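Shared chain: chain A. Partners: chain B in the first complex, chain C in the second.
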Partner chain A sequence: MGAGRPLLVITAGCSGIMFAEFLQYLFSGMTIGATYALVGLGFAIIYNASHVINFAQGEFVMIGGMATVFLIHIGLPLPVAILGAVALAVVTGLALEKLAVEPARNADVVTLIIITIGASIFLRGLAQVLWGKEFFALPAFSGNDPIHLGGATLLPQSLWVLGITLAIVVALAWFFKYTLIGKAILATACNADAAKMMGINTQFILFISFGLSALLGAVAGIIVAPITLTSYDVGIMLGLKGFVAAVLGGLGSAVGAIVGGLLLGIIEAMAAGYISSDYKDAVPFVIILLILFFLPSGLFGARGTERV
Partner chain B sequence: MLAKLTHPRIGGLLILSLIIALLPLALPNNYYYDVAIKIGINAIVVVGLNLLIGYAGQISLGHGGFFGLGAYTSGILTAVYGWPPLLALLTGVAVVGVLSFIVARPILRLTGHYLAMATLGLGIIISIVISNEDWLTGGPDGMYVEPFTLLGWELYGEKPWYWVIGALLVISVWMAMNIVDSPAGRALRAVHGSEVAAQVVGVDTTGYKVLLFVVSAVFASVMGSLFAHYSGFITPAQAGFFHSIELVTMVVLGGMASTYGALVGAVLLTVLPQLLSGFEDFEMVIFGLILMLTLIFMPKGLVPTLTHKLKDWRGGRS
Partner chain C sequence: MLKSLFTRGAMLAVCAVSLLSPALADDAIKIGSFLSATGPASFLGDPELKTLQLYIDKLNAEGGLLGKKVELIHYDDAGDAEKARTFVKRLLDNDKVSLIIGGTTTGTTMAAIPLVERAKIPFISLAGGIDIIDPVKKWVFKTPQTDRMAAAKIMEDMKKRGYTKIALLSETSGFGRSGREQTLKVAPEYGIDIVLDETYGPKDTDMTAQLTKIKNTEGVQAVFVFGFGQGPAIVTKNYAQLGITLPLYQSHGVASNSYIDLAGDAAQGVLISASALLITDDLPADDVQKTVLVNYKKDYETAFKAPVSTFGAYAYDGLMLAVNAIKKAGSTDPSKVRDAIEQTEGYVGATGVVNMSPKDHMGLDLTAFRILEIKDGGWVLIQ
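After this line comes the complex of A and B, so read on.
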């Protein structure tokens, strides 16, 4: 067994590189996963308030990134541009609810879903007219010097993404637990009819939900734009993957959407690294089909009987 | 006799056949024939999809994928492997039928819009595979497809295709109406009304929903195959997400659970992009706006809303 020792050394060296590679995929997966989580959270909030799957969610992501680029272009400093872009997305979200969803509130859920699809085509078209079809880069919030960690490199922007996502999750948890509107949103999600009887204006809750979802989407679009670039049609894939994140965690579950988003990002990065980058975009959809087959309520969905 | 003619099913089919037979008088050249053929192809897919959306209350966001799968199965088997077109078409039907059954069976047991998610995923996977496997499919650049031949007879040119698609449209509308009026169709209307109540009286709701899903997917696959032969050139866009959305939109815009509504939806959404292409950059904005406004003001879709209005007006007069 004389050959055993050097072999062991080689494998140890190899596993060091392999670990660094793994860590690298983990970092990039968590970064992109955090944005899926925020988008997924937006889907969950609107779904809870109305059972509508808002396909315009991806457009809030696009508005966030593109409006920030545009506002910097006209000379505003980054923080002001970010605030302006978030405000624009929130106003768009509120307007969408007020002008398109609320007038059709008695319609079939299917019809409402198609209305949000119409809205997403409209907003994407508007962005294309206003801002063109090119790809745009947003400057990183604090430089591009990579941080070395365990043989892998981490962009400072990744820390911004993870930090801001964490801050938003904590703020949302506080909002739902301690504010009157937050509690009313939870009550509506739990049982809309009962909430209505207790005097909660569920239409207003849906209005607020659209604003909140737009805010989450816009933030996701802004923080990820320095890493992935942004363009008028960036909302299609990001929106769809956020939807997958929401279903992965059990549609309507906030914790589920966050864990689902992170998991999705990590699996996607691993699959792109270890299997095939050509099929990177297919990975979330393969996962969701498997989940629907084997864990139909998602990872965190409630398992229970349906009441009539 | 007159009673039979005014029966909505037979009367409607007669009117449809009449329109198809007389339309060529108003079609000045091959461009208009081409638009009419595309309307017909979309209409047949949508008549199938309407069964699923209107009667099983489920949305599919992946019918573009089934359309594309049919198109590419036909394209590849005839061009690369030299199969006869009809055999290639039937192979496409078998592939799509089995695939849609495998996907639908577990997912349609669930309540809620999970079929939308699953079909969305399936459609996107299909279009990514078609784009990536360029050694077989030509990748994003698309591929050429041979003309349709049957027993040595070649189907070529706009006018023969017009009559073939027209005949198929009448047949598929007749089939859809039969399905709607069959015991399965009645059971499905119960599903759309109250699923739990239907289950309680012993309706196998999942089984019927799966049946409709498979039927609608097969409609899409057949039309995908025929479209491939007709146009002679296919791209991954035929299998893409936007195509799936267009198809669902045709159903909802025209009117869910109304076969003629689906036809109207197919006509409008096939003609609209042709009209809007002059607006170039504003095409998407206007398309999205029309879609939203129609559904905000006519949430039940064009045909049900207008027939309702017509009945009201007649009722008010008498």
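After this line comes the complex of A and C, so read on.
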């Protein structure tokens, strides 16, 4: 079904249209890819602190979007609602670590992972009861008038997504490089035992990591909600794609999560545009299989001590 | 000692209740139901269940049916066909219901069909798929319009406006898949050529890639989207973002106000095929469905303080068809009730006017769909 179509485009379209088309796929891919990157970063941070893959990461995304919708609904202005929603997600992340992960700190990693799966089902159920089962739209931060660029169109919200993602990445880099807590997180990621001997409270680092990745997830959930809509179960797919992004880039690597996320988004959009929209969702998973076969530690994962 | 006395007392009480209740229930007419009141199809199943409960309570308050109380036995299948099968078995074997109204989705309905056919109990489905009644199954009926009718109604409108080359964008869910198949089948009958056939996933969050392809395809005169839930709303937003000016048609899968809320200004000018319920207040007074719709809307909205949906209307029609048939049969004898449902003629329902026959176990025609246009955040009837 899809095999003949790219040819048709190549023969029928002049190069101008082709470029505009390519640009459109690129914009779409980068926007959605940036959110995968933020979710992937959240996975990486917790993985580094504890080798746990936090499957409740997607729920932080959901809480970000849904809580913002709710706070706007009760009459708060958008910026206040966003801050409130991020705060709620961070508190949820910290509570999750304190109440569910920490009591089981001596259990194996697999047990901890299962705990996070349980927590994600619990959070999703809670959201369903509290906020209902419908989809909600968040108003765009600065209007819906598309920006025309090289024959393609871009929503102002896409610029917000890309801009905020960039700002967060820069802020994180600064945080890890110049703050004591950031350095302690890095040390724990490199070698938890050695970090402990140097007087770093690794349990506290894990606590902070949950708060930090909840923050990243919530921000991702809020900035895409005007484009993709939000609902109580939006975290399943975004969480999964974020996980794929993290693995693609090499679990535990921050640069890897960002590149992996962007790459995943762009590949998806290109696949839908040039191959077939029917097989678009299969493409990322085929890629992840290839990566696991040929580059088991991901694109950026092999550097051992330089992780995060 | 005290504790064991207490437990024994409690057990006795439980026994007493369980002994009593069948005796009580034997006197009642038992209507069985399995709906997807929770899960992904809950926005269909929830209003369906509420409607059944509302009108059965009403029926009982007015003295019941054939002098007996009507009892609703309901199980929530959460959209899972496997669960639906188990619950239907329980309705038939343990609860011994006289009739089943249910099956929110085509999947859960299809799971129930072999069981009701074997048990020879009338079953009125609330799902859209044409496979439910085509080929005709002796004990199975349905109230919603089929997806083939939805496609046909849209094609009829396109033909009227002179569009012959269209692009189809369908969802890869059961609803969208079936809609795509029916559209491909029906289009040639109206002389319409589908020049581009694209899909998107039910959980997709961006459809600009597919729409860019449609935008850059020569000769496309209109676009038809077949899906439900949030997907069509995102398509609509992307459509506006890309500045596509072709007429956009949507299926009855988005026929609710939440679609307008989600898509916002981008929904302006979108054409959809939908039940008349959406425009109850604006229907001309001489419209045959006007009274039924006004009453249903008033009953539902006063009882639940929530807007009516077309899905609840399917349940309303299902229950009314059953009640009328039981009245006509004068008993709950399954084969008499079945015959009475099959003989339904001129029943004016919330979905459309129903004329059943041994060859047609749905009994609706294309008038059960109206073409509506979205204007300034509301629906306008296109004559």
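Note that in this section the second predicted complex is superposed on the first by the 289 of 308 C-alpha atoms of A that agree within 3 Å, B and C clash if a C-alpha of one lies under 4 Å from a C-alpha of the other, contacts with A are read in each partner's own complex, and residues count from 1 in each chain.
Note that in this section a residue touches a chain if its C-beta (ideal position, glycine included) is under 8 Å from a C-beta of that chain, and two chains touch if they have at least 3 such contacts.
Remember, predicted model here, so these are calculated numbers, not experimental data.
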Inquiry  = Output check: A:163 vs chain B and chain C. Expected answer is one of first, second, both, neither. What do you get?
reply    = neither
Query = Who does A:123 touch here: chain B (first), chain C (second), both, or neither?
reply = first
Ask   = A:17 contacts which: chain B (first), chain C (second), both, neither?
value = second
Task = Considering only touches as defined above, state whether A:32 meets chain B (first), chain C (second), both or neither.
result = second
Request  = Quick one: classify A:114 as touching chain B (first), chain C (second), both or neither.
outcome  = first
Inquiry  = With both complexes overlaid on chain A, does A:135 touch chain B (first), chain C (second), both or neither?
reply    = second
Query = In the superposed arrangement, does A:281 touch chain B (first), chain C (second), both or neither?
reply = both
Inquiry  = Once chain A of both complexes is superposed, is A:143 in touch with chain B (first), chain C (second), both, or neither?
reply    = neither
Set of chain A residues, in rising order, touched by both chain B and chain C = 236, 278, 281
Note = The answer for chain A against chain B in the complex is residues 51, 53, 100, 103-104, 106-111, 113-115, 117-126, 128-129, 236, 240, 243-244, 247, 251, 278-279, 281-282, 284-286, 288-289, 292-293, 296, 306, 308
Ask   = Where on chain A does chain C make contact in their complex?
value = 1, 5, 9, 12-13, 17, 21, 24-25, 27-28, 31-32, 133-137, 144, 146, 152-153, 155, 224, 227-229, 231, 233, 236-237, 269-270, 272-273, 277-278, 280-281
Message = Looking at the complex, which residues from chain C come into contact with chain A?
response = 38, 40, 42-43, 46, 172, 197-201, 203-206, 208-210, 212-213, 216, 218, 229-230, 233-234, 237, 240-243, 258, 261-266
Task = Going by the contact rule at the top, pick out the chain B residues touching chain A in the complex.
result = 53, 57, 59, 103, 106-107, 109-114, 116-118, 120-122, 124-125, 128-129, 132, 194, 196-197, 241, 245, 248-249, 252-253, 256, 281-292, 295-297, 299-301
